[in-house]
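A, B, C and D are the chain letters, set down in written order, and residue numbers restart from 1 in every chain.
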Amino acid sequence: METVERTFVANLATIPSMMEFVSATAEAFGVHPKRIMHLELAVEEATANICSYAYEIPPGEVTIKISREIEMFRIELIDSGVPFDPMAMEAPDLKAELESRQVGGLGVFLIRRMLDDVHYSRSGTQNVLSLAVRYGEK
Amino acid sequence: METVERTFVANLATIPSMMEFVSATAEAFGVHPKRIMHLELAVEEATANICSYAYEIPPGEVTIKISREIEMFRIELIDSGVPFDPMAMEAPDLKAELESRQVGGLGVFLIRRMLDDVHYSRSGTQNVLSLAVRYGEK
Amino acid sequence: MNVKTQAEKGYWVVKLEGRLDISNSSQFEQECMQWIEQGQRRFILDLGGLEYISSAGLRSILAATKKLKAQKGSLSLCALSGLVEEVVTVSGFDNILQVYPDLTQAMAEE
Amino acid sequence: MNVKTQAEKGYWVVKLEGRLDISNSSQFEQECMQWIEQGQRRFILDLGGLEYISSAGLRSILAATKKLKAQKGSLSLCALSGLVEEVVTVSGFDNILQVYPDLTQAMAEE
(Lines give C-alpha, C1' and ligand atoms only; values in the text may rest on other atoms or scores of the structure.)
Protein backbone atom coordinates (compact mmCIF):
# COMPACT_ATOMS: atom_id res chain seq x y z
CA MET A 1 0.00 0.00 0.00
CA GLU A 2 1.49 3.31 -1.02
CA THR A 3 -1.04 5.84 0.26
CA VAL A 4 -3.24 5.97 3.32
CA GLU A 5 -5.65 8.70 4.22
CA ARG A 6 -7.79 9.69 7.18
CA THR A 7 -10.15 12.56 7.92
CA PHE A 8 -10.43 14.05 11.41
CA VAL A 9 -12.62 16.61 13.09
CA ALA A 10 -10.39 19.66 13.41
CA ASN A 11 -10.52 20.37 17.10
CA LEU A 12 -7.74 20.43 19.67
CA ALA A 13 -8.92 17.23 21.34
CA THR A 14 -8.29 15.16 18.20
CA ILE A 15 -4.72 16.37 17.66
CA PRO A 16 -3.23 13.47 19.66
CA SER A 17 -5.04 11.02 17.35
CA MET A 18 -3.79 12.84 14.26
CA MET A 19 -0.22 12.72 15.56
CA GLU A 20 -0.62 9.06 16.40
CA PHE A 21 -1.91 8.32 12.89
CA VAL A 22 1.17 9.91 11.36
CA SER A 23 3.76 8.53 13.74
CA ALA A 24 2.41 4.97 13.75
CA THR A 25 2.38 4.95 9.95
CA ALA A 26 5.88 6.44 9.80
CA GLU A 27 7.14 3.86 12.26
CA ALA A 28 5.60 1.03 10.26
CA PHE A 29 7.26 2.37 7.11
CA GLY A 30 10.68 2.49 8.72
CA VAL A 31 11.19 6.22 9.22
CA HIS A 32 14.00 6.90 11.72
CA PRO A 33 12.68 7.68 15.25
CA LYS A 34 14.37 11.08 15.23
CA ARG A 35 12.61 12.04 12.03
CA ILE A 36 9.30 10.75 13.37
CA MET A 37 9.65 13.29 16.19
CA HIS A 38 10.18 16.03 13.60
CA LEU A 39 7.06 14.92 11.78
CA GLU A 40 5.04 14.81 14.98
CA LEU A 41 6.12 18.32 15.80
CA ALA A 42 5.18 19.61 12.35
CA VAL A 43 1.81 17.86 12.52
CA GLU A 44 1.06 19.30 15.94
CA GLU A 45 2.00 22.82 14.84
CA ALA A 46 0.11 22.69 11.56
CA THR A 47 -3.04 21.00 12.86
CA ALA A 48 -3.15 23.28 15.91
CA ASN A 49 -3.22 26.20 13.49
CA ILE A 50 -5.94 24.59 11.39
CA CYS A 51 -8.03 23.96 14.51
CA SER A 52 -7.50 27.51 15.76
CA TYR A 53 -7.51 29.67 12.66
CA ALA A 54 -8.68 27.92 9.50
CA TYR A 55 -12.43 27.74 9.96
CA GLU A 56 -14.74 30.66 10.46
CA ILE A 57 -17.22 28.31 12.09
CA PRO A 58 -15.19 25.62 13.84
CA PRO A 59 -14.80 22.76 13.96
CA GLY A 60 -14.11 21.95 10.34
CA GLU A 61 -12.24 18.92 9.12
CA VAL A 62 -8.70 18.06 8.21
CA THR A 63 -7.64 15.19 5.99
CA ILE A 64 -4.23 13.63 6.39
CA LYS A 65 -2.89 11.78 3.37
CA ILE A 66 0.28 9.77 3.81
CA SER A 67 2.43 8.62 0.89
CA ARG A 68 5.40 6.33 0.94
CA GLU A 69 7.56 7.80 -1.77
CA ILE A 70 10.87 6.21 -2.65
CA GLU A 71 13.09 8.82 -1.08
CA MET A 72 10.68 10.62 1.20
CA PHE A 73 7.89 9.88 3.62
CA ARG A 74 5.30 12.49 2.78
CA ILE A 75 2.15 13.72 4.46
CA GLU A 76 -0.37 16.18 3.15
CA LEU A 77 -2.63 18.15 5.44
CA ILE A 78 -5.75 19.24 3.62
CA ASP A 79 -8.33 21.63 5.01
CA SER A 80 -11.13 23.72 3.55
CA GLY A 81 -10.48 26.78 5.67
CA VAL A 82 -9.53 30.33 4.72
CA PRO A 83 -6.62 30.47 2.26
CA PHE A 84 -3.39 30.52 4.25
CA ASP A 85 0.11 30.08 2.87
CA PRO A 86 2.50 29.48 5.76
CA MET A 87 5.49 29.69 3.41
CA ALA A 88 4.68 33.34 2.84
CA MET A 89 5.13 34.24 6.50
CA GLU A 90 8.19 36.04 7.75
CA ALA A 91 10.36 34.22 10.24
CA PRO A 92 10.01 35.49 13.80
CA ASP A 93 12.81 37.62 15.22
CA LEU A 94 14.87 35.00 17.00
CA LYS A 95 17.27 37.56 18.41
CA ALA A 96 14.59 39.55 20.22
CA GLU A 97 15.17 40.02 23.93
CA LEU A 98 12.95 38.28 26.41
CA GLU A 99 10.87 41.38 27.07
CA SER A 100 10.00 41.97 23.44
CA ARG A 101 9.86 38.35 22.38
CA GLN A 102 6.54 37.59 20.79
CA VAL A 103 4.84 34.42 21.87
CA GLY A 104 3.48 33.69 18.39
CA GLY A 105 4.90 32.87 14.99
CA LEU A 106 7.07 29.99 16.11
CA GLY A 107 4.88 27.14 14.92
CA VAL A 108 5.22 27.81 11.23
CA PHE A 109 8.94 28.52 11.64
CA LEU A 110 9.53 25.14 13.33
CA ILE A 111 7.67 23.29 10.58
CA ARG A 112 9.91 24.88 7.97
CA ARG A 113 13.12 24.17 9.86
CA MET A 114 12.52 20.59 10.96
CA LEU A 115 11.49 18.92 7.72
CA ASP A 116 13.25 18.16 4.45
CA ASP A 117 10.55 19.42 2.15
CA VAL A 118 7.62 21.73 2.88
CA HIS A 119 5.37 23.31 0.36
CA TYR A 120 1.96 24.82 0.19
CA SER A 121 -0.63 24.90 -2.53
CA ARG A 122 -4.19 26.11 -2.81
CA SER A 123 -6.31 23.65 -4.71
CA GLY A 124 -9.84 24.88 -5.38
CA THR A 125 -11.28 25.62 -1.94
CA GLN A 126 -8.61 23.66 -0.11
CA ASN A 127 -5.30 24.39 1.56
CA VAL A 128 -2.78 21.62 0.96
CA LEU A 129 0.33 21.64 3.11
CA SER A 130 2.82 19.01 2.00
CA LEU A 131 5.43 17.91 4.55
CA ALA A 132 8.16 15.35 3.96
CA VAL A 133 11.21 13.80 5.60
CA ARG A 134 13.78 11.30 4.40
CA TYR A 135 13.63 7.85 5.93
CA GLY A 136 17.09 7.79 7.50
CA GLU A 137 18.50 9.66 10.47
CA LYS A 138 20.04 12.02 7.88
CA MET B 1 10.60 -3.62 11.36
CA GLU B 2 8.70 -6.46 12.92
CA THR B 3 7.61 -5.07 16.28
CA VAL B 4 6.50 -1.65 17.42
CA GLU B 5 5.49 -0.70 20.92
CA ARG B 6 3.96 2.28 22.66
CA THR B 7 2.93 3.05 26.24
CA PHE B 8 -0.13 5.16 27.01
CA VAL B 9 -1.69 6.62 30.12
CA ALA B 10 -4.69 4.39 30.80
CA ASN B 11 -7.52 6.88 30.87
CA LEU B 12 -10.58 7.14 28.71
CA ALA B 13 -9.33 10.29 26.92
CA THR B 14 -6.35 8.44 25.44
CA ILE B 15 -8.36 5.55 23.99
CA PRO B 16 -8.75 7.28 20.59
CA SER B 17 -4.95 7.58 20.35
CA MET B 18 -4.50 3.92 21.26
CA MET B 19 -7.00 2.90 18.58
CA GLU B 20 -5.30 5.15 16.07
CA PHE B 21 -1.90 3.62 16.89
CA VAL B 22 -3.23 0.15 16.20
CA SER B 23 -5.27 0.93 13.12
CA ALA B 24 -2.63 3.09 11.44
CA THR B 25 -0.03 0.37 11.97
CA ALA B 26 -2.43 -2.31 10.72
CA GLU B 27 -3.22 -0.25 7.64
CA ALA B 28 0.46 0.28 6.90
CA PHE B 29 1.04 -3.46 7.20
CA GLY B 30 -1.75 -4.28 4.78
CA VAL B 31 -4.45 -5.66 7.06
CA HIS B 32 -7.84 -5.70 5.30
CA PRO B 33 -10.03 -2.70 6.28
CA LYS B 34 -12.75 -4.98 7.63
CA ARG B 35 -10.31 -6.70 9.94
CA ILE B 36 -8.92 -3.33 11.05
CA MET B 37 -12.43 -2.48 12.27
CA HIS B 38 -12.49 -5.72 14.25
CA LEU B 39 -9.15 -4.85 15.81
CA GLU B 40 -10.29 -1.34 16.65
CA LEU B 41 -13.35 -2.72 18.35
CA ALA B 42 -11.30 -5.18 20.39
CA VAL B 43 -8.83 -2.47 21.37
CA GLU B 44 -11.60 -0.12 22.46
CA GLU B 45 -13.29 -2.80 24.53
CA ALA B 46 -10.11 -4.07 26.17
CA THR B 47 -8.55 -0.69 26.88
CA ALA B 48 -11.85 0.71 28.19
CA ASN B 49 -11.84 -2.16 30.68
CA ILE B 50 -8.22 -1.51 31.65
CA CYS B 51 -8.98 2.19 32.17
CA SER B 52 -12.09 1.41 34.21
CA TYR B 53 -11.22 -1.67 36.22
CA ALA B 54 -7.54 -2.62 36.18
CA TYR B 55 -5.99 -0.08 38.51
CA GLU B 56 -6.90 0.44 42.12
CA ILE B 57 -5.47 3.94 41.87
CA PRO B 58 -6.10 5.11 38.28
CA PRO B 59 -4.74 6.09 35.93
CA GLY B 60 -2.15 3.38 35.38
CA GLU B 61 -0.49 2.62 32.09
CA VAL B 62 -1.07 0.28 29.20
CA THR B 63 1.56 -0.81 26.72
CA ILE B 64 0.55 -1.86 23.23
CA LYS B 65 3.01 -4.08 21.41
CA ILE B 66 2.35 -4.78 17.75
CA SER B 67 3.95 -7.67 15.86
CA ARG B 68 3.79 -8.43 12.20
CA GLU B 69 3.78 -12.18 12.18
CA ILE B 70 3.72 -14.09 8.92
CA GLU B 71 0.11 -15.23 9.11
CA MET B 72 -1.31 -12.90 11.71
CA PHE B 73 -1.18 -9.27 12.72
CA ARG B 74 -0.88 -9.42 16.48
CA ILE B 75 -1.21 -6.90 19.26
CA GLU B 76 -0.53 -7.39 22.93
CA LEU B 77 -2.13 -5.20 25.57
CA ILE B 78 -0.03 -5.18 28.72
CA ASP B 79 -1.11 -3.64 32.00
CA SER B 80 0.02 -3.90 35.61
CA GLY B 81 -3.46 -3.93 37.10
CA VAL B 82 -5.28 -6.54 39.16
CA PRO B 83 -5.09 -10.03 37.65
CA PHE B 84 -7.97 -10.43 35.23
CA ASP B 85 -8.47 -13.25 32.75
CA PRO B 86 -11.19 -12.27 30.28
CA MET B 87 -11.15 -15.77 28.77
CA ALA B 88 -12.45 -17.14 32.04
CA MET B 89 -15.63 -15.09 31.87
CA GLU B 90 -18.94 -16.61 30.94
CA ALA B 91 -20.61 -15.36 27.80
CA PRO B 92 -23.57 -13.05 28.48
CA ASP B 93 -27.06 -14.48 27.94
CA LEU B 94 -27.76 -13.33 24.40
CA LYS B 95 -31.29 -14.67 24.47
CA ALA B 96 -32.38 -12.62 27.46
CA GLU B 97 -35.43 -10.46 26.90
CA LEU B 98 -35.05 -6.72 26.80
CA GLU B 99 -36.29 -6.27 30.35
CA SER B 100 -33.75 -8.63 31.88
CA ARG B 101 -30.92 -7.90 29.47
CA GLN B 102 -27.85 -6.86 31.39
CA VAL B 103 -25.97 -3.86 30.08
CA GLY B 104 -22.56 -5.33 30.95
CA GLY B 105 -20.46 -8.28 29.87
CA LEU B 106 -20.63 -7.57 26.14
CA GLY B 107 -17.18 -6.08 25.72
CA VAL B 108 -15.22 -9.21 26.47
CA PHE B 109 -17.65 -11.29 24.43
CA LEU B 110 -17.16 -9.09 21.35
CA ILE B 111 -13.37 -9.31 21.64
CA ARG B 112 -13.57 -13.09 21.65
CA ARG B 113 -15.96 -13.26 18.72
CA MET B 114 -14.40 -10.74 16.35
CA LEU B 115 -10.77 -11.85 16.29
CA ASP B 116 -8.97 -14.94 15.01
CA ASP B 117 -6.86 -15.55 18.06
CA VAL B 118 -7.27 -14.26 21.61
CA HIS B 119 -5.41 -15.44 24.62
CA TYR B 120 -4.54 -14.21 28.05
CA SER B 121 -1.52 -14.74 30.24
CA ARG B 122 -0.35 -13.39 33.54
CA SER B 123 3.34 -12.61 33.45
CA GLY B 124 4.75 -11.56 36.81
CA THR B 125 2.70 -8.54 37.86
CA GLN B 126 1.32 -7.97 34.37
CA ASN B 127 -1.78 -8.92 32.43
CA VAL B 128 -1.00 -9.71 28.81
CA LEU B 129 -3.93 -9.92 26.42
CA SER B 130 -2.88 -11.12 23.01
CA LEU B 131 -5.20 -10.31 20.09
CA ALA B 132 -4.65 -11.30 16.47
CA VAL B 133 -6.31 -11.23 13.06
CA ARG B 134 -5.30 -12.60 9.68
CA TYR B 135 -4.32 -10.05 7.06
CA GLY B 136 -6.96 -10.87 4.46
CA GLU B 137 -10.70 -10.25 4.46
CA LYS B 138 -11.04 -13.92 5.48
CA MET C 1 -20.38 11.50 15.15
CA ASN C 2 -23.01 13.53 13.36
CA VAL C 3 -26.58 13.31 14.67
CA LYS C 4 -29.50 14.58 12.62
CA THR C 5 -33.07 14.34 13.82
CA GLN C 6 -36.39 14.72 12.07
CA ALA C 7 -40.02 14.19 13.00
CA GLU C 8 -41.69 12.19 10.22
CA LYS C 9 -45.10 10.49 10.11
CA GLY C 10 -45.23 10.28 13.88
CA TYR C 11 -41.73 8.89 14.17
CA TRP C 12 -38.65 10.50 15.65
CA VAL C 13 -36.01 9.63 13.08
CA VAL C 14 -32.41 9.90 14.31
CA LYS C 15 -29.72 9.61 11.63
CA LEU C 16 -26.29 8.68 12.97
CA GLU C 17 -23.14 9.19 10.96
CA GLY C 18 -19.58 8.19 11.81
CA ARG C 19 -18.71 6.38 15.02
CA LEU C 20 -20.70 5.64 18.16
CA ASP C 21 -18.10 4.67 20.72
CA ILE C 22 -16.92 5.25 24.25
CA SER C 23 -15.94 8.83 23.48
CA ASN C 24 -19.46 9.93 22.57
CA SER C 25 -21.94 7.27 23.73
CA SER C 26 -22.85 8.89 27.02
CA GLN C 27 -23.49 12.17 25.29
CA PHE C 28 -25.73 10.37 22.81
CA GLU C 29 -27.57 8.63 25.63
CA GLN C 30 -28.22 12.00 27.26
CA GLU C 31 -29.58 13.37 24.01
CA CYS C 32 -31.95 10.42 23.73
CA MET C 33 -33.17 11.03 27.27
CA GLN C 34 -33.81 14.68 26.42
CA TRP C 35 -35.85 13.76 23.35
CA ILE C 36 -37.90 11.39 25.48
CA GLU C 37 -38.45 14.13 28.06
CA GLN C 38 -39.56 16.42 25.25
CA GLY C 39 -42.25 13.87 24.46
CA GLN C 40 -40.80 11.83 21.59
CA ARG C 41 -41.95 8.20 21.86
CA ARG C 42 -41.42 6.33 18.60
CA PHE C 43 -37.73 6.31 17.73
CA ILE C 44 -36.16 5.02 14.55
CA LEU C 45 -32.36 5.07 14.51
CA ASP C 46 -31.17 5.25 10.92
CA LEU C 47 -27.69 3.72 11.03
CA GLY C 48 -27.04 3.95 7.28
CA GLY C 49 -24.14 6.33 7.82
CA LEU C 50 -22.79 4.71 10.97
CA GLU C 51 -19.44 3.01 10.37
CA TYR C 52 -18.50 1.84 13.82
CA ILE C 53 -20.20 0.88 17.06
CA SER C 54 -18.80 -0.62 20.25
CA SER C 55 -20.44 -2.10 23.33
CA ALA C 56 -20.53 1.41 24.82
CA GLY C 57 -22.65 2.45 21.84
CA LEU C 58 -24.96 -0.56 22.19
CA ARG C 59 -25.32 0.22 25.86
CA SER C 60 -26.56 3.73 25.13
CA ILE C 61 -29.12 2.37 22.64
CA LEU C 62 -30.26 -0.25 25.14
CA ALA C 63 -30.70 2.36 27.86
CA ALA C 64 -32.82 4.53 25.56
CA THR C 65 -34.91 1.53 24.51
CA LYS C 66 -35.64 0.54 28.11
CA LYS C 67 -36.65 4.08 28.96
CA LEU C 68 -38.94 4.23 25.93
CA LYS C 69 -40.57 0.88 26.70
CA ALA C 70 -41.30 2.12 30.23
CA GLN C 71 -43.19 5.01 28.61
CA LYS C 72 -45.00 2.78 26.11
CA GLY C 73 -42.74 4.00 23.33
CA SER C 74 -40.60 2.04 20.87
CA LEU C 75 -37.19 2.09 19.26
CA SER C 76 -36.14 0.36 16.07
CA LEU C 77 -32.99 0.30 13.98
CA CYS C 78 -32.64 0.44 10.22
CA ALA C 79 -30.10 0.41 7.40
CA LEU C 80 -27.33 -1.42 9.25
CA SER C 81 -24.24 -2.43 7.32
CA GLY C 82 -20.64 -3.52 7.77
CA LEU C 83 -19.26 -3.65 11.28
CA VAL C 84 -22.42 -2.19 12.79
CA GLU C 85 -24.56 -4.99 11.40
CA GLU C 86 -22.03 -7.52 12.59
CA VAL C 87 -21.85 -6.15 16.12
CA VAL C 88 -25.63 -5.94 16.44
CA THR C 89 -25.99 -9.53 15.25
CA VAL C 90 -23.13 -11.05 17.23
CA SER C 91 -24.35 -9.40 20.43
CA GLY C 92 -27.90 -10.64 19.89
CA PHE C 93 -29.33 -7.14 19.82
CA ASP C 94 -31.31 -8.08 16.74
CA ASN C 95 -33.35 -10.35 19.06
CA ILE C 96 -34.35 -7.62 21.43
CA LEU C 97 -34.74 -4.72 19.01
CA GLN C 98 -36.66 -4.42 15.76
CA VAL C 99 -34.24 -4.18 12.84
CA TYR C 100 -35.33 -3.11 9.33
CA PRO C 101 -33.42 -3.00 6.06
CA ASP C 102 -34.25 0.66 5.42
CA LEU C 103 -36.12 3.67 6.73
CA THR C 104 -39.19 3.16 4.51
CA GLN C 105 -39.76 -0.32 5.87
CA ALA C 106 -39.12 0.79 9.43
CA MET C 107 -41.86 3.41 9.07
CA ALA C 108 -44.24 0.99 7.34
CA GLU C 109 -44.01 -1.94 9.66
CA GLU C 110 -43.19 -0.57 13.06
CA MET D 1 3.51 14.43 31.27
CA ASN D 2 4.81 13.86 34.77
CA VAL D 3 5.75 16.89 36.84
CA LYS D 4 7.79 16.57 40.03
CA THR D 5 8.81 19.55 42.10
CA GLN D 6 11.34 19.99 44.86
CA ALA D 7 12.73 22.95 46.80
CA GLU D 8 16.53 22.65 46.87
CA LYS D 9 19.18 25.17 47.94
CA GLY D 10 16.82 28.06 47.37
CA TYR D 11 15.76 26.83 43.94
CA TRP D 12 12.38 25.52 42.84
CA VAL D 13 13.36 22.50 40.77
CA VAL D 14 10.68 21.26 38.37
CA LYS D 15 11.38 17.91 36.71
CA LEU D 16 9.38 17.31 33.53
CA GLU D 17 8.96 13.85 32.05
CA GLY D 18 7.28 12.85 28.81
CA ARG D 19 5.74 15.41 26.47
CA LEU D 20 4.98 19.10 26.85
CA ASP D 21 2.58 19.86 24.04
CA ILE D 22 -0.68 21.53 23.17
CA SER D 23 -2.67 19.02 25.22
CA ASN D 24 -1.01 19.91 28.51
CA SER D 25 0.89 23.19 28.09
CA SER D 26 -1.83 25.47 29.43
CA GLN D 27 -2.21 23.28 32.49
CA PHE D 28 1.54 23.46 33.02
CA GLU D 29 1.49 27.23 32.63
CA GLN D 30 -1.22 27.46 35.29
CA GLU D 31 0.84 25.33 37.65
CA CYS D 32 3.82 27.64 37.14
CA MET D 33 1.66 30.65 37.93
CA GLN D 34 0.47 28.97 41.11
CA TRP D 35 4.01 28.25 42.24
CA ILE D 36 4.90 31.88 41.63
CA GLU D 37 1.88 32.99 43.64
CA GLN D 38 2.99 30.69 46.42
CA GLY D 39 6.24 32.64 46.51
CA GLN D 40 8.64 30.53 44.43
CA ARG D 41 11.04 32.81 42.54
CA ARG D 42 14.07 30.86 41.26
CA PHE D 43 12.93 28.15 38.90
CA ILE D 44 15.07 25.46 37.32
CA LEU D 45 13.27 23.26 34.80
CA ASP D 46 15.02 19.91 34.62
CA LEU D 47 14.17 18.61 31.16
CA GLY D 48 16.26 15.43 31.40
CA GLY D 49 13.17 13.26 31.09
CA LEU D 50 11.33 15.41 28.57
CA GLU D 51 11.13 13.75 25.17
CA TYR D 52 9.04 16.19 23.20
CA ILE D 53 8.20 19.87 23.22
CA SER D 54 6.23 21.97 20.73
CA SER D 55 5.76 25.72 20.34
CA ALA D 56 2.82 25.47 22.74
CA GLY D 57 5.23 24.10 25.34
CA LEU D 58 7.79 26.84 24.66
CA ARG D 59 5.04 29.40 24.97
CA SER D 60 4.13 28.21 28.46
CA ILE D 61 7.79 28.38 29.54
CA LEU D 62 8.13 31.86 28.07
CA ALA D 63 5.02 33.06 29.89
CA ALA D 64 6.34 31.74 33.21
CA THR D 65 9.75 33.35 32.59
CA LYS D 66 8.23 36.75 31.87
CA LYS D 67 6.13 36.56 35.01
CA LEU D 68 9.16 35.59 37.08
CA LYS D 69 11.31 38.39 35.64
CA ALA D 70 8.59 40.86 36.55
CA GLN D 71 8.92 39.65 40.14
CA LYS D 72 12.73 39.72 40.09
CA GLY D 73 12.84 35.95 39.82
CA SER D 74 14.59 33.72 37.31
CA LEU D 75 14.04 30.59 35.26
CA SER D 76 16.68 28.38 33.72
CA LEU D 77 16.63 25.09 31.84
CA CYS D 78 18.90 22.11 32.22
CA ALA D 79 19.64 18.64 30.88
CA LEU D 80 18.11 19.13 27.42
CA SER D 81 18.54 16.37 24.88
CA GLY D 82 17.15 15.08 21.60
CA LEU D 83 14.21 16.91 20.09
CA VAL D 84 13.86 19.22 23.07
CA GLU D 85 17.40 20.51 22.69
CA GLU D 86 16.84 20.93 18.97
CA VAL D 87 13.59 22.86 19.35
CA VAL D 88 15.04 25.16 22.02
CA THR D 89 18.07 25.90 19.82
CA VAL D 90 16.24 26.31 16.52
CA SER D 91 13.72 28.66 18.10
CA GLY D 92 16.46 30.77 19.65
CA PHE D 93 15.19 30.16 23.18
CA ASP D 94 18.76 29.44 24.25
CA ASN D 95 19.45 33.13 23.66
CA ILE D 96 16.75 34.36 26.00
CA LEU D 97 16.92 31.68 28.70
CA GLN D 98 19.84 30.30 30.65
CA VAL D 99 20.52 26.71 29.60
CA TYR D 100 22.80 24.37 31.58
CA PRO D 101 24.04 20.87 30.84
CA ASP D 102 22.79 19.45 34.13
CA LEU D 103 21.09 20.29 37.40
CA THR D 104 24.31 20.61 39.39
CA GLN D 105 25.65 23.28 37.06
CA ALA D 106 22.32 25.06 36.95
CA MET D 107 22.37 25.33 40.75
CA ALA D 108 26.04 26.35 40.85
CA GLU D 109 26.04 29.06 38.23
CA GLU D 110 22.60 30.58 38.24
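Observations on the model:
We take it that a contact is a pair of C-beta atoms (placed from the backbone, for glycine too) under 8 Å apart; a residue touches a chain by one contact, two chains touch by 3 or more.
All values derive from a computational prediction rather than experimental measurement.
Shared contact partners of subunit A and subunit C, listed by label, are B. Note on chain placement: the centre of subunit B and the centre of subunit C lie 26 Å apart, centres being C-alpha means.
Rounded to whole angstrom, the centroid-to-centroid distance between subunit B and subunit D, based on C-alpha atoms, equals 37 Å. With centres taken as mean Cα positions, subunit B sits 30 Å from subunit A.
Residues of subunit C found to touch two or more other chains are absent. Within subunit B, contacts with two or more other chains are made by residues 16. By the document's touch criterion, interfaces exist between A-B, A-D, B-C.
Partner subunit A is touched in their complex by these residues of subunit D: 21-23, 51-52, 54-56, 58-59, 62-63, 65-66, 69, 82-83, 86-87, 90-92, 95-97. Note for the complex: subunit B touches subunit A at residues 1, 4, 6, 13-14, 16-17, 19-22, 24-25, 27-30. Interface residues of subunit B, counted against subunit C in their complex, comprise 12, 15-16, 34, 37-38, 40-41, 44-45, 48, 94-99, 101, 103, 106-107, 109-110, 113-114.
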